[in-house]
């Protein structure tokens, strides 16, 4: 017997009996549901379901066929992930290493269920880090045409069998084409403040405004790089006596924490994107 | 058509197809599930399910009969709550009013889905508060036999059609008989510390130990009044320059916040008690 | 002997020996410093000092004269508060009462060292609350000229010997003249988000953006009502399954907590305003 | 001119004019105070002061002599730290590396103002980590007499000019002699819970009790290894659906965060120990 573990995500307009219908699909194929979460967002009338289940290898085809057969009736969007297949994630960095190290260490410690397929950077500085963790490092200089760079990215993604990308303080803009082709497969982090600050040196601005709380936001990268659907947010109180330099340091800590938490949600297939926002189950 | 909203709670030893079976019960009776959360605690092999569903009045009997018919096969424990029936909660207090006011205001503001059936106290001090919120106040002095007091409690509970009790800083011990008869229907709050402190004046002890974090725990009252299953916990950082008096004040704030949060979880029928602990779905 | 407790606030450009100079002023006048906090914001070269001290009544004049005599040499800005004189605070409200009750209860409980001089509202709804707490209620309808309303405010402030104003969800704009005349004496609260939202129904916007954290900001009211120097900020995580309605409820809880915390800092004379931001010592 | 930065810590029984006296000591020697915090713990009548100041090299002897001359009059305990002299810290580990990496990375990133003098372990596993960060690694097996081990520790401490020790998940008991000889120079971390759990496998116990919040405590190591004065505490909420394994993982994250925060307070010379507890200024 070859027992596999899958994660099923479903969303569709709310209607009667949806859970019974979908769980019957699984039951009939011999699946055992370990964890199920369902939520109907009443404000928009949308049904979300995430189920983790175990099934014999043979049964999964039946599940897929069954789901396909009811797709149009229920306007079902669904997604099925085989957890045996460890996702392969590329990390894009520039020169800053706080997020990079945090990801590599958490993964090695078993807290992130992925493999890192490669590290890609527009600088050579962090190459040795890749080496010491056994992750191949690719240098793609940013002083070439964006299309040339992104062509190289596509090659690397293909060669390294990469499933998703984490921008771990990668300080370059990605084109609309590129983000569109890997929609909801690129995760980015950026600082967040109450209130928000536009323009350069946000920590300087925040300090001069005397903000008492700073935060960071993990989100999917879309064309508008910092405006994609929010995945996770975290904050930290600002001690009154911090200097601008210490505030930047504090920001780094939140950024790395928030990025790895966001990646974790993604790897666990907990994220639904609907109408421009996420629902996390 | 008379559409009712119910909450179903189920727990039993984990086995294959449980969700499908239970959601089929609902589907067959014409129910529409709005919100469902299921979790199997792998460490102990127990399946928990909470479902909120809408159903026509006629259908609910079918649900009940169907659940009964599969009870023994699956060792199912289940509970069904009609949300149209607003729970009636008694508040027990002594002289301190911070928790009392917080509950009354939150309820009036729509944040707690209950009615307060009565306020019971071993002092007369807080009688006027009951008056100003239109909640009947009962004075049951504590200078009588415990059995006499608790006899009076039982009368009040019966007269006021009370479904549950919140001990909102009620500084009296309840008997094992009483807590047993209202098992998992009495909610208590107590301060909590890292580390814990035994004996009198815990905030004094905590101050002298220099603790940096204080907390509060909402839990079900059992025979051992402060050791029942934990429902909710919250904490607050202790500023370094607080005096003992200010620490006590800080504690009050956490207590009231934690008590109303715990009551909310209970009213929403989110709490499962199994093997001496809660699981909140 | 008539021992008084004072709070001294000083700020000026940083220079050598400032603490020694200022504490000598106090020592020579026979003061006993109970609590002192000093911070030099290196990024802008400004020295801040807050000292709580006890002194015999006779000594305080010496302190004042001495401070005056060194003012120009050190470009000293200073402020001296007699803590025996309990500040009298007016609460401005519209129809919403969550902040109002929180303030009244905390004050009665000893957590806010002030007296509430009056409640002012553009509606009559909350009059009875004033009554039950023994705080005079003034109805100043907003369907009159702003200048007429604010003329009435000035009369009330004068009659009730009011030292400061808390806008506890007072949903009216104040004129630039009025906020200027009571600069850093009016405290306001408003919701805050990551990211920020402009325009109407911010909680609706936040929900549709799927924000994971919401917050509130207490700040001084200036001409630009929501942009004055920030006093305090707090946040709360947003559970994934909240509806818009529940999000608004959650927001209320943060607002009241943040407003009373901000007022507390102000009453304790902990706030310095410099270069458009606060420093809290 | 050779400007040095010093940190002065003073504590003594409270009395009038103490700040003026001590800041005069600094002013007379030509010091410029950058940051000063003073707090009198009224509940026990003790005065605490921490001052960061700049001074020419020549002046510091005057400061020391002056402080000595007033010691007995005021029952002054004082301590003077030259910040130019970077503290050298030894890290003791066993096999677990989450705290170790966090310390090494934060230090390299400039967030911890120390040098790591050596890594000491009763296992060889983490030797390579020392290598990759350029920190000498010493293997001191624990299958020898405690006195032999601690003799070796003393040699290493001496050879590497170590000023303090961080027990970063070092799973061995230290003798009363050793902790006494390095009193308030050894920092330890341990998990903390609401409520507390005695005995083995605390995370298992916590899970079975259904705790909603777990924490960690950084404290000074004393004879009773887990009961020394508390330096820092932090907590994390426990998601309801965590397994025991995930709870342990969550604990690791808090532990490392709490340990490096505690070390930071110590390096900044912010900690006073008095009457068995710390006061952090």
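Order of writing sets the labels: A, B, C and D. Residues in every chain begin at 1.
Methods note: contacts are C-beta pairs under 8 Å (C-beta built on N, C-alpha and C of every residue); 3 or more make two chains touch, one makes a residue touch a chain.
Everything quoted here is computed from the prediction, not taken from an experiment.
The pair from A-D, C-D or B-D that reproduces the interface of B-C, where over half of the contact pairs by residue number are the same, turns out to be A-D. The two sequence copies subunit A and subunit D touch through a face in which the numbers common to both exceed half of the numbers used overall.
Averaging C-alpha coordinates per chain places the centre of subunit A 41 Å away from that of subunit C.
Averaged C-alpha coordinates give centres for subunit A and subunit B that are 36 Å from one another. Of all residues in subunit C, those touching 2 or more other chains are 35, 39, 42, 241, listed in ascending order.
Interface residues of subunit B, counted against subunit C in their complex, comprise 35, 98, 101, 105, 109-111, 132, 241, 249, 252-253. Interface residues of subunit C facing subunit A in the complex, by the touch rule stated above, are 39, 41-43, 192-196, 207-213, 215, 217, 229-235, 240-241, 243-244, 275-281.
Subunit D makes touch with subunit C in their complex at residues 15-21, 23-24, 26-28, 30-40, 42, 49, 51.
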